[in-house]
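Following this message is one structure expressed as structure tokens.
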Amino acid sequence: MDINLIKSQFPIFSKKVNGKFLTYLDSSNSSQKPLSVLKALDYFYKNEFSNIGRSIHSLAVNATNKFEETRMSVKKFINANSKDEIIFTKNATEAINLVASSFGQKYIKEGDEILVTDLEHHSNYVPWHYLREAKGAIIKFAPINDDGDIIIEKFKELISPRTKIIAITHLSNVTGTIVPIKEIVEIARKKNVPVLVDGCQSAPHIKIDVKDLDCDFYAISCHKVYGPTGVGILYAKKKWLEELPPYIGGGGMISEVKKNKVSYAPLPGKFEAGTMPTAEVVAFNESIKFMNSIGINNIVKHEAELTGYALEKLKKINSVNIVGNPKNKAGVISFTIKGIHPHDISTIVDEDGVAIRAGHHCCQVLHERLNLTATARASIGVYNTKEDIDVLCKAIENCRKVFGSK
Amino acid sequence: MDLKELYQDIILEHGKSPRNYGKCEKYTHQAKGHNPLCGDQVQVYLKLNKENKVEDLTFEGSGCAISIASTSIMTELVKGKSVKIAKQIIVDFLDMIRNTADIKSKDLDDDQKTKIMSLSGVKQYPMRVKCATLAWHTLTSAIDKKKEDVNTESID
Amino acid sequence: MDINLIKSQFPIFSKKVNGKFLTYLDSSNSSQKPLSVLKALDYFYKNEFSNIGRSIHSLAVNATNKFEETRMSVKKFINANSKDEIIFTKNATEAINLVASSFGQKYIKEGDEILVTDLEHHSNYVPWHYLREAKGAIIKFAPINDDGDIIIEKFKELISPRTKIIAITHLSNVTGTIVPIKEIVEIARKKNVPVLVDGCQSAPHIKIDVKDLDCDFYAISCHKVYGPTGVGILYAKKKWLEELPPYIGGGGMISEVKKNKVSYAPLPGKFEAGTMPTAEVVAFNESIKFMNSIGINNIVKHEAELTGYALEKLKKINSVNIVGNPKNKAGVISFTIKGIHPHDISTIVDEDGVAIRAGHHCCQVLHERLNLTATARASIGVYNTKEDIDVLCKAIENCRKVFGSK
Amino acid sequence: MDLKELYQDIILEHGKSPRNYGKCEKYTHQAKGHNPLCGDQVQVYLKLNKENKVEDLTFEGSGCAISIASTSIMTELVKGKSVKIAKQIIVDFLDMIRNTADIKSKDLDDDQKTKIMSLSGVKQYPMRVKCATLAWHTLTSAIDKKKEDVNTESID
């Protein structure tokens, strides 16, 4: 795998920000986009643009075919059983809301329990909180240990006969914890509880095989997978999509509409109301091709190496503290520096062209658990290099200089 | 692509003057098909006799020339056939529209083959394939006494 | 106004489809995009891409500023009071669902009435149908006359003390009827009923002034306003946005998140959960600039001329029947041809490079009212010319030739 | 942009050793401010005497150097002033951070002006302006006995 070749596919890295080349370590927030994706987007708009599914002129036929090609690619990418199991949403947040709303409407009653974990992103908590408010459901939080790993025994104990659904992240966007989803699903299966996996951070960085994981729902954000903004994906087992009521209602998701009744389209249309992010979905096919062209195993290997390198170098810097030490850790490295607030760190390293994130990363519950209000986070994408880590470490030294730390 | 391939005289003629239109008497099976894209609908009425032979087959509905002609031709070809052969003809037709260049059935005479092949031009028009196949899927549904209506969005 | 100059700004019109230049008359479905919009989209992705609102590095600051600039432009474009009244959604359908869900949750009870009209798109009916199913609300349909105009007297009579909201289109996507929203809102005000306006078709074609209209909610789809796919807009009066519960829940729309409670962000964040269609919103600013550069009055004038020309020419063709004859008609022309199904029309004119739509245009209730299952629809955008109409009419003659009509 | 402008010694010093930290006794007013972006919080405790003079002003909370220093400096400058003058200082400060090059107030001595101007570097860092202004908005909220917490997302 030639990292320079990969990096050169991303136009943004040939530009200067503040007179410096960009050291982008904020991929957990959103990834940069390779040229092939941007070209496909631009080409589609300039040469082939049309709405899909509705009109039957040539442009519409072509656009519909391309749109459905992406659906097929996604199906293969995550190894779903059928393209009908792939629903396009606006982001992963909508995907999770869809499940919470439709599943909750049908299956959740007062006193029923929803099991989440201390690791969850607000997007995998607030939608369930709505059911607490609307239905009187109970949310339980599966605890983590100080390393940032789910405590499996405690997790098991928290599944009760009233547990109706488990919602859990595949990869923490703060500690980088890779959660053993297969094991979790096996536990849940025994108790007959469906599992929704928040795959936002995992999809770009580890192999996803929904058949192997055997989860019921899987949510992905395309903009984190080297794709355009405005697109997310919900994978769900077909039986769920058939059983659940539709979410957003409108054009394209209906079968027959009369003044006194409405019937809904077959899958996947039933869950895709209104005009889709057509061009963005079409272009996302190139993101998958980009991932496949490198190969997920190579991606994992490269990012693991880089993560190891970064952890080693960061740990050597006085007063830097790495948040969490999970058994399996991906390239998400949150840290604090004694005496320097994460906001100040971010501002200071930004001066050297280093983009990291500071704050609670939409995980306030986790930060409370860790007794922190905010952390700084460097997160790795496939385009990052050891030099990027070196630049980060230098910039951190500069923070300490500005703040006069020893 | 060539419009003349799609709109052959035989299709236009059947489209304008469909055969076997209306509700036949004492039908034993029926089914409804629906294309949500345009609102088109078709109902087929099937009368099987004791030997499981198609004694009568008629239809009602609205649709484009392709869809009406396809339905009309289907009723002509299937009438008088046994259910087994009827099913084979359906499979052959769907196969021809999707993949192969020809119609394999040995149960159709040359004239009937010409009729069915008049629909082959639809292949070039992917958005119109559903217009041509709706009635055939609906007939299958009638034969099998399926409960749900046929919906073009859930067929290939 | 130089129409050739305008047309030349749209890259797609310099390309051939089926060996013919494109005669695009499907703008009511979705509009084509000018180069400036595509350039802004591409530039942002290649040079400045970052997620907004969350990180504080330079890229994120710049992206956030640009995103908010679009919000300001939208505010001005529709003359809202405050930028906090502009919520970005994924499409107009989501905007309407947001209101139906949040408003319905809080204010709609069993037996309450929702008043829509016979003209509504499925996207302005199905969301209300959900409330019928979930809450036992009643949907009433205000009738139209044979011309396609709302019968104002009947409309008035249908407002009862139980009417909780009125949802009505500003411009029919079938008959081209321009609905007198100001008059409608005045009637509603007297009875203290809020009004949601479906502005999907109006936003690109007539002047929108929400202050003057005094409506409570206004929904727009950016992809119909010469913008990218994946973005919609909900305008709502501030007091509503403050009162209504949030819709989609997740990152970005919260204030404080604890294990036992969640509080929500101030406007507009409260209604913008998860990663937004960042790049698409940024690029949409150029769509507004494009509209402004021509001037809405010039757009209206050009499109009215073209509509008049088209109606005149079409009416001259034997056996063509125009659907509806409203008092105020925009450039949406649905028609039927005796003996030729709309699907066949669309396929045949497509051979001449003419893109029109055939079907029920997501308005089954209206088609039932008109006793039609499907119609053909030619819809006009600012880039269309008299030549486009001539090509359409020739292509229609060809339909009649193919079908051997006299 | 220049980091030294932003992180002047005086700011680093106040950031590290904030003045008037803690809950003062018998405070008459208090308010809470919150930055949802990072989770930072500030509480201000204000003690007004009968002449409407700021007898004591303290704070608690967590935040970045800019926010802590700004809060610390604010408490120093406002303590001992009348409410009227305090409000004027707040307006002056917010104006300086947003628009003008200088601080207009006649109620601050040169030393105090230097302190307040040490925060002017924040202007170059739009995402950090909220860090600097949170406490000042929160003080306004305390003086006016507003019910709602201050949220940086709803202030400019």
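Should a chain be cited, it is by its letter among A, B, C and D, assigned in written order, with residues numbered from 1 in that chain.
Throughout what follows, a contact is a pair of C-beta atoms (placed from the backbone, for glycine too) under 8 Å apart; a residue touches a chain by one contact, two chains touch by 3 or more.
Predicted model only: the values in this text are computed from it and were never measured.
> Centre-to-centre on C-alpha atoms, which chain is most distant from subunit A?
With centres defined by C-alpha atoms, farthest from subunit A sits B.
> Does A-D or C-D have more contacting C-beta pairs?
Counting C-beta pairs in contact for A-D and C-D gives the edge to A-D.
> Taking each chain's centre as the mean of its CA atoms, how far is subunit B from subunit D in angstrom?
Computed from C-alpha means, the inter-chain centre distance equals 79 Å.
> Between subunit B and subunit C, what distance separates the C-alpha centroids? Give it in angstrom.
38
> With chain centres defined as C-alpha means, what is the inter-centre distance between subunit C and subunit D in Å?
About 46 Å, centre to centre.
> Check each residue of subunit D and list the ones that touch at least two other chains.
Residues 37, 127-128 of subunit D touch two or more partner chains.
> Please set out, as single numbers or ranges, the residues of subunit A touching at least two other chains.
If we look for residues of subunit A contacting two or more partner chains, we find 18, 54, 56, 60, 254, 256, 343, 347, 358-359, 364.
> Which word fits how the chains touch one another: line, ring, star, complete or other?
Graph shape here is other: it fits none of the named patterns.
> Applying that definition of touch, give me each pair of chains that meets it.
Those chain pairs satisfying the definition are A-B, A-C, A-D, B-C, C-D.
> Can you list the residues on subunit A that touch subunit D in the complex?
Where subunit A meets subunit D, its residues are 18, 339-344, 347-348, 351, 358-360, 364, 367, 373-374, 402-404.
> Under the definition above, what is the set of subunit A residues touching subunit C in their complex?
11-12, 15, 17-18, 22, 24, 26, 29-30, 32-33, 38, 41-42, 45-51, 54-60, 90-94, 96-97, 105, 121-127, 129-130, 134, 139, 141, 221, 223, 228-232, 248-254, 256-259, 262, 273-280, 343, 346-347, 350, 354-359, 361-362, 364-365, 368
> Mind listing the subunit C positions that touch subunit D in their complex?
That would be residues 53-54, 56, 60-61, 64-65, 254-256, 265-267, 269 of subunit C.
> Given the complex with subunit C, which residues does subunit D contribute to the contact?
Listed in rising order, the residues of subunit D that touch subunit C are 34, 36-37, 126-128, 151, 153-154.
> Any idea which subunit D residues touch subunit A in the complex?
Touching subunit A: residues 1, 3, 6-7, 12, 16, 37-41, 62-67, 125, 127-128, 131 of subunit D.
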